[in-house]
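Paired with chain B in one complex and with chain C in the other, chain A is shared by the two complexes that follow.
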Partner chain A sequence: MKLSTTSSELLGQLQTASRVASTRSAVQALSGVQFQATADLVELRATDMEVGLRIPLAAEVEREGTAVLPARLLLDVARQLPSGSLTLELRPAEQDVEIICGPAKFHLRTLRTEDFPPLPEPGGDQIVHLPARAFTETIAKVARSASRDETRPILTGILVSASGTELRMVATDSYRLSVKETRLEVPVEAGFEANVPARALQELERIVASGAEAETIEIGVRANQVVFRAGDVVLSSRLIDGQFPNYRQLLPETYEHELNVAGDELVGVVRRISLMAQKNAPLRLSFTEGELTISAQTPDVGEASEPLPVPFTGEPFEIGFNPDFLRDGLESVESGDVVLKLISPLRPGLIEAGDGSGFLYLIMPIRLNV
Partner chain B sequence: MARLIAHLDLDAFYATVELQRRPELRGLPVIVSGSGPRAVVTTASYEARRFGVGSAMPTSRALRLCPDAVLVPPDFEAYRAVSQKVMTLVRGTVDVVEVLGLDEAYLDLSGMHSPKAAMRRLVTQIREQTGMSASVGIGPNTLVAKVASDAEKPRGFVVLTREEACLRFAHASPSLVPGIGAKTAEKLERLGITTLQQLAATPGEVLAQHFGGRQGPWLRSRARFEASDQITPVRVAVSESRETTFDIDVTDGEELAAALRRLSENLCDGLARHRRSGRTIAIKVRLDDWTTVTRARTVEQPTNDVEVVYDVARGLLCEYAPSRPVRLLGVRMATFADEAEDAPRPPGGQLALPW
Partner chain C sequence: MRLIVARCSIDYTGRLTTHLPEAVRLLMIKADGGVAVWHDGGSSVKPQNWMTPPTVIEEGDGQIVVRKLAGVTEDRLEIGIVEVLSDVTHDMGEAAALEKDGVERDLQEALAAAPAWCGEGFRLVRREWPTDIGPVDLMCRDHQDGWTAVEIKRVATIDAVEQLTRYLERIRRDPAMEFCAGVLAAQVIKPQARVLAEARGIACVEVDLDVVRGDREPELTLFA
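Moving on to the complex of A and B:
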């Protein structure tokens, strides 16, 4: 294999690929990134057996072939290379790859190509095309609620479903739950539902947001695998087994209080006051006639409070929330009014987009020891 | 009331967690260990143990014994999470629990109705809900319980009275008993004592001559399986530390400082996670000739701020100015602040959805 490209192109694509490469696998080749050079295409491939990624590298191929290089090390090298053109050549006899960039010359030992698994081709039993922006924006709304606790695999996924003109994603870490429903202009041909690891979707979102030129995302769902294709990029992921929690039965049917609040104002106050909620201290929301006072206090650090006019009526009450969880929910609403729905201090609260854009965020309170 | 103590020990714990996460390794000899030249085995799967690989053995040696072993780097985050689940189940069955580590605990079964059935149920529950297999030893005190749990690993379930324990292990080496290490066993052997039975029959005075007035009689009581029947439900760590052994001994000051920084970050991370902060910051330095020194300084305010910890640690290192290449470097935090004032909200304050 021999190819020439530029150091900035290599760095750019490698930054994406190396995020997918495994950091702690028993199989060394999985910590690598595979170069596959064919006459008309050079592809970088990385996988940790859960998520697989194939991205193109703009390069001129002098000799076809394939090689696996340690991702982390190659990335460090690429970062330090002078800008300009570079050549990358596999030297089978030496079992290394020679990289020449300007006056700099590197020889990197290769990892075993045989150990690098083949990655799925796009397509599948069931293929759906969805507008790329709608899809990734929906991901961005809910991804933060997915759990990072690997001992509860089901919650580390985002439940993605599409049918008719509706795309829906749901994520929860059991402290909060995000649901985003996005209306599709063109109904999907065949509906599907799959629990996709959040990190795979977040990677997809990043790739599309950072300029993969793709109008649509092709989604191929198989028995235990999903393959996304956006332009030249192919991202595949294992699906998560098991029953995703039935969240619908948990959404309270009625609420005691339903308040329309200007979203940006509320987010501003929450961000400010949160600064004084350190070491897991809760954010306190005290509701009295016509007013919401948000306060926080951390022993030995300090305290803060700020009132905000809200259309509240009835018995005053106080509810506590994790400041980060509350902020995540409010920020996901983005602009316009926020509808805050509450029942009592120990019942879940609901944050909704006031513009009917189909976003809702259920958040569990923190018990306040008054 | 007769005392009854159980020792519950998860079988090849770290390796089992790894196998659960990477089913493709099932049936293969797996060694959980770092990969540097001086790494030691954290744990090994039973397939690897068959080759003679054991915990705390230098990894290089383990790989000579079992060249096909798959090395897996330890991931303590994951082990802690599984451990927590197991311990929650344990606490659901037994009130008084002394957690000894991520993978073992003493349980006080005294006064419990049908304790053996309860323990069998607990083991099943642990297997069903976490996939971990456990071995249980039950006896009148911690020592019998501990040795019994080890006797038929994996998935052992051994119940012994003190007398039965004495009989069953009569011909075993004294080093079978926790607290009698290789050095002591060697010394006993020189006195012609090679079994627990012999040790138990040796008069206390004779042992006192060779091992001193405290250790001598203690050794004899160990051999007779006499030990405390009380367990200490809460073990509060009095200090927390991080240390690293360099692959190659380090002389360069900058490099030492960088390592110290990493250790401090790591330590503060762990402290912050448990919402602890301390006042005494100490470093430990081992030189290439195994000279080992510690230096400590106490600050005014409890802290887990990496900048403060690193600053103090760096200062201590500069003052000590190692005269030879450094083999091992460590950072320790002690004198913890009262945890109650550290944690403004009670655990469980955050309510969760029912899944």
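Moving on to the complex of A and C:
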């Protein structure tokens, strides 16, 4: 294998590919990035066996071939290379790859190519095309609610479903639940539902946001795998087995209080006051006639409070929330009014986008010790 | 307990030879013969010099010698006293033993008193249910009256899964208990242990001792 490219091109694509390479696998090749050079295409490939990524590298191929190089080390090298063109050549006899960029010359030992697994081709039993922007915006709305607790793998995924003109994503870590329903302009060809690791979808979101030239995302769903194609980038992921919680059952049918609040203002107050809610201290929301006071107190650190006019009527009540979770929900609404729906201090509260954009954020309160 | 604050120099001979030059130190001489030499610095938990009991302590003019037989040789601590700043003796009385809380036994006691934390409708049949390779922590009946063996750990690792698997293999030899289920209950279950347990059909339950005892309310969640 011998190819020519530029150091900036290599660095740009490596930064994406290396994020997917495994950092803790017993199989050394999985910590690497595979270069696959054919006459018409050079592809960088990386996988940790859960998520796989194939990303093109703009390069001229002098000699076809395949090589696996340690992802982290190669990325560190690429970051330090001078700008300009570079050549990358596999030297089978030396079991290394020679990188020459200007006066700099590196010889990097290769990892075992035969240990690097083949990555799936795009396509699948069901293929759906969805607008890339709508898809990634929906991911961004719900991803924060997915659990990072690997002991409950089902909750580390985002339940993605599409049918007719509706795309829906749901994520929950049992403390909060995000649901985003996005209306599609064109009905999908075939509906599907899959629990996709949040990590894979967040990676896809990053790839699309960082300039993968894709109007649409092609989604191929297989028995236990999903393959996304955005432009020339192919991202595959295993699907998470098991029954995702029935989120509809979790949404209360009625609420005691329903308040329209200016989202930006509320987020600002929550961000400020949260600074004084440290060491698991809750954010305290005290509702009185026409006013909401948000306060927080951390022993030995300090306290803060700020009132906010809200159209609240009825008996005063107080409810506590995890400050990060509340902020996540409010920030996910992004702009405009938010609708706060509350029942009682120990029942879940709902944050809804006031513009009817189909975003719901259900959040469980924290018990307040007076 | 005798506490002497003194300006002193100390020579140790035994497994090696050390010398502490003259400085102010605290000499702690316990009733059981243990001796520890402290200074105001260095390690916060380790004395500069020490001798564990049994020892022979000889006190002469300006000198304390602590001797201890170590096999055929002798460990010897020679403390040369230049100036005594304080010398007090306290009767410490009977000391209560260290009480540890949150150990496996506490968890077992708490779960035996409230076995429903291990599974829906669980009732305790017996603690320390005997098998021929050792006792399983709890034997319960579930809500359908099925047998369930519960192994309790503070931190459950793959070894805990292996241990419960061995118990279940022995228990299931009894035809009356051939469908005995297994539950691994722990304050922390390592992800690898959970994977292995679930692959073997063993349920995993993470419990919080304070919550099981009713000392703390469980965190509110949308679902279990």
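Throughout what follows, the second predicted complex is superposed on the first by the 370 of 370 C-alpha atoms of A that agree within 3 Å, B and C clash if a C-alpha of one lies under 4 Å from a C-alpha of the other, contacts with A are read in each partner's own complex, and residues count from 1 in each chain.
Just so it is clear, contacts are C-beta pairs under 8 Å (C-beta built on N, C-alpha and C of every residue); 3 or more make two chains touch, one makes a residue touch a chain.
From a predicted model like this one, the values you see are computed outputs, not experimental measurements.
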Fit-or-clash call for chain B and chain C when the two complexes are aligned on chain A: clash
Partner chain in contact with A:L283 - chain B first, chain C second, else both or neither: neither
Touched partner set for A:L177, first chain B, second chain C, both or neither: both
Chain A residues touched by each partner, larger count belonging to chain B or chain C: B
First (chain B), second (chain C), both or neither touched by A:R24: first
Partner chain(s) touched by A:L350 [first = chain B, second = chain C, both, neither]: neither
Partner chain(s) touched by A:T298 [first = chain B, second = chain C, both, neither]: first
Which of chain B and chain C A:I366 touches, first, second, both or neither: both
Part of chain B, among the options 75-83, 201-209 or 219-227, whose backbone runs into chain C after overlay: 75-83
Doubly contacted chain A residues - partners chain C and chain B: 150-151, 172, 174-175, 177, 245, 250, 346, 348, 362, 364-367
Residue numbers on chain A that touch chain C, as the complex places them: 150-151, 172, 174-177, 245, 250, 346, 348, 362, 364-367
Chain B to chain A touching residues, read off their complex: 21-22, 24-25, 30, 70-73, 75, 78, 81-82, 85, 275, 341-346, 348-355
Sites on chain A touched by chain B in the complex: 24, 26, 49, 149-151, 155, 172, 174-175, 177, 245, 250, 279-282, 297-299, 320, 322, 346, 348, 362, 364-369
For the chain C and chain A complex, residues of the former touching the latter: 189, 191, 194, 204, 206, 217, 219-224
